[in-house]
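Chain nomenclature is as follows: A, B, C and D, assigned in order of appearance, with residue numbering initiated at 1 for each chain independently.
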Amino acid sequence: PVLHVEAGDRVVVETRDAFGGAIRSEADLPSAVLTMPFVNPQNGPIMVAGAEKGDVLAVHIESMAPRADHGICAMIPEFGALTGTSLTATLNEPLPEVVRIVPLDGEQVRWSERVTLPYRPHIGTLSCSPELDSVNTLTPDAHGGNMDLPDMGPGSITYLPVRSPQARLFIGDAHACQGDGEVCGTAVEHASLTTIRVDVVKAWPIAWPRLETGDLIMAIGSARPLEDAARIAYRELVLWMEADYGFDRWDAYMLLSQCGIVRLGNFVDPKYTVGAAISKRYLA
Amino acid sequence: PVLHVEAGDRVVVETRDAFGGAIRSEADLPSAVLTMPFVNPQNGPIMVAGAEKGDVLAVHIESMAPRADHGICAMIPEFGALTGTSLTATLNEPLPEVVRIVPLDGEQVRWSERVTLPYRPHIGTLSCSPELDSVNTLTPDAHGGNMDLPDMGPGSITYLPVRSPQARLFIGDAHACQGDGEVCGTAVEHASLTTIRVDVVKAWPIAWPRLETGDLIMAIGSARPLEDAARIAYRELVLWMEADYGFDRWDAYMLLSQCGIVRLGNFVDPKYTVGAAISKRYLA
Amino acid sequence: PVLHVEAGDRVVVETRDAFGGAIRSEADLPSAVLTMPFVNPQNGPIMVAGAEKGDVLAVHIESMAPRADHGICAMIPEFGALTGTSLTATLNEPLPEVVRIVPLDGEQVRWSERVTLPYRPHIGTLSCSPELDSVNTLTPDAHGGNMDLPDMGPGSITYLPVRSPQARLFIGDAHACQGDGEVCGTAVEHASLTTIRVDVVKAWPIAWPRLETGDLIMAIGSARPLEDAARIAYRELVLWMEADYGFDRWDAYMLLSQCGIVRLGNFVDPKYTVGAAISKRYLA
Amino acid sequence: PVLHVEAGDRVVVETRDAFGGAIRSEADLPSAVLTMPFVNPQNGPIMVAGAEKGDVLAVHIESMAPRADHGICAMIPEFGALTGTSLTATLNEPLPEVVRIVPLDGEQVRWSERVTLPYRPHIGTLSCSPELDSVNTLTPDAHGGNMDLPDMGPGSITYLPVRSPQARLFIGDAHACQGDGEVCGTAVEHASLTTIRVDVVKAWPIAWPRLETGDLIMAIGSARPLEDAARIAYRELVLWMEADYGFDRWDAYMLLSQCGIVRLGNFVDPKYTVGAAISKRYLA
């Protein structure tokens, strides 16, 4: 363990970029400088006193700032949504391999001469240890992991199921910004200074991660095919509304058919991630 | 044909609800009063002079208003996202069959004692005739059809590929509101007074429908599994940015990985519908 | 209608190859000589007296023989299982376009200097008219259609749901041989002389096509993703064993987990086709 | 490690049934006596001297015999192909939970009064350790694992990629018989006496497991959706024919479209398994 903390503690994390710093110029091609699957380095495990199986770790992301003057985006061979991959196996030639070094600061991401994007940081990968498996940092699943949900930024609380003693929290993979689905396979990956606060919610046996912002509550599912990720997310949200907000099950199901919000985290990782949410205004 | 119009004409359409008016009370169960697949009645065909194969029909939705004081939402056996269906075939007992009559007006949808939703009308089903097949009104595909995209409301323009002489436009399936994915299988289905204006864009051979609002441009794909719908939508958007907005292909692909917007229309119909969009601010 | 027959009649059909005869040499590339979706020509409709909605048409394939000294196999751009396609949309360059003219007779298919395959003819596309839609000849669905099941050869009986008066039978797409899944997108497509006998089974309201040989009974499902095709097929088989062979539902389900036979027809068409079967020896 | 062996050694393994012996009567319901995911116990790791990353372990299954007079089959809540599951999440009530104790010997599996099946034993789960992750025994993947392929019986050779020093072989999950797809979720699970011989093939860097019998060679893929498992298997088979049997890539691809054999291992596990094979007679 790299750190032992108490519930309620604030932790300042210096995350590395998803390439572990191995890409330093646009000439550093991923196929040359990376060794799969040893990518997407995480900070952790952070041990949280008192957390045990059946609890939930509430990870408040308080702030994020860049630790470098640039981020990196790459097209990696046989990785991404609009290409054959190792799983959607084809015989086509791969797409070109491309690296973009993207200047940025705490306000803006200067994508190109033409396009400047707002700096909208979020954490791509966040998890407590699973109970049985050890899962690589590219894969999201019921333990959390590489979910790539843009909603997981400053002001959000992520609820992670605790499955081993002291939770064993891992965090990393900061994105300066990311579109829905992370279609080319990578965001603007950057080293960040991220401040979190961790709380323990005792005896809340949730099956999948959940998230809360000032505006909404969101259940998160990760699976393939993509509709299964969406099914998990929506089922968990129905059950959450029933258990904690006093809705009848079928009323919740039919209501979400009228006002449910779906966020596509990624559809490029070994499992795809979907968030299903409802505005807090309808939960009052 | 029910109507012949010229390019630029405004048409006021009295749509019927998706149940064809057969559900009049919460005791009218779909399995008793509907005869599948004879549901989701459309208004049309509307023949548009001068439209021919290779053109695009631009359908401006100018306004929508309810034609009744209520809408209808239903849980239909083996239909919806969180149940076994005729395609995701299981041996489980079906979910309960439920009908909700939902009072509404041009401002509000009064879902329950507890929840009131804003009236956010849109058109669920919109298409020109396909070239070869005749497609039932439950299925979205490359011709458009039952896309169930909440973005298709007043102020939007939908671009439909024309594949037969005079386009043969069909429109129907007005929703008073709908959540992303239409998870229980139905929206608040209501009879509407919808005003559209149709234009013809000559010689724009698009493969799939597209949509434009004041804020964004969106490409639309419909397929199963859900990731294929998203792949189609994002590929079409990349090609659109390349053809009409001067982007390099790989620059567009990587940029959408940072700022692409995904909307899930439905994941309950025979094909699922996804829209992939980019804000117009990045197209300047 | 091209023909009116009575139940029990024998019909000799001269099918054309799936390319409609447009490919005459290895230099005739599909992208140049075919006009999609106007391919896979069918013989029909054949009207069968007395068949009506709710009945089943039993199509006995009595014999098949080649009508030419060769068949044709092609790799068509963005078509096939190991390539990006119009639905699994990618930005990769397409695979090479290749045409193979394959000498054959009623005994052998001479694939190459190195490989000779046995002539194992079967019908790729077989259907009665759907009730509502008109479906192109590339797509299999609940009506039958382009199922591409190698089991549908001489000695087999295919049971097709009748959904319109006199059934409106279509037949075509003879294959000289085909592997499971038809992985490159085409079989050895050939013009055939096919003899069928049609019977009407009154009042057998099956939802999907079924097939019988001397050895087995098979239920057929067509859908995407592929597991949904397999789910449909297995569910229909469980229900068939329960309804007609005296099995308890859960006994049938668990028994098929021990001896069920799965055949992959195709995973290249707009919907994929799977047959789920059980040996007749376990039905005695 | 439980055992250290040399290449060429014969090992006699006493496998336990997939329930770890916890089900002793038809009243022992899985939900009561099992603790997920602690099921499907494996024998291992068996360390094979000289095996290192980049090699292949060839596991010859020489013989299998039952170690008990019965096997066990179960329907487990939210597990199986024809039910909503934890991943294909639905709100339907689960199917009934059922346990069957099935008498058997080395010749026959006495399923019921009505049906007797032949004893066709095979190994359900077989793997070397993955490089990075530790994977639960329910999940098949590129390392092998819970593939549930009926072809993996006596007389077969399974080729497993070695990814860590001395291979770390695990074996278990013997089935007395199993149908294609293992549709209800379980086979006739039984304790077995299995004799294997292990060889090391140096420097054969295969990406996925492969299998060989007297009649065929088979590449194996595990993924969701099911078509991705089939794509992996067929791509690996094309590459295998190209690398080791002198076929041109496109000739192999088109030939498999005529004579490829597809076996569905399971479509119930966290990933689904497909084998794609070709008869050795076409490889001469």
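Rule of thumb we're sticking to: a contact is a pair of C-beta atoms (placed from the backbone, for glycine too) under 8 Å apart; a residue touches a chain by one contact, two chains touch by 3 or more.
Because the structure is predicted, anything quoted here is derived from the model rather than measured.
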| item | value |
| --- | --- |
| Residue-number overlap at the chain A/chain D interface, same or different (half cut) | same |
| Furthest chain, CA centroid comparison against chain D | B |
| CA centroid of chain C to CA centroid of chain D, Å | 30 |
| Centroid spacing, where centroids are CA-atom means, of chain A and chain C in whole angstrom | 44 |
| Sites on chain A at which at least two other chains make contact | 82, 88-91, 95, 224-225, 231, 234-235, 238, 253 |
| Residues of chain D that touch chain B when the two form their complex | 82-84, 88-95, 225 |
| Chain D partner contacts - residues on chain A that touch it in the complex | 37-38, 86-91, 131-136, 207, 221, 223-225, 228, 231-232, 234-236, 238, 249, 253 |
| Interface residues, chain A side, partner chain B - complex | 73, 75, 80-82, 95-96, 98, 100, 109, 111-112, 115, 117, 177-188, 224-227, 230-231, 234-235, 238, 250-251, 253-262, 264, 267, 272, 276, 282 |
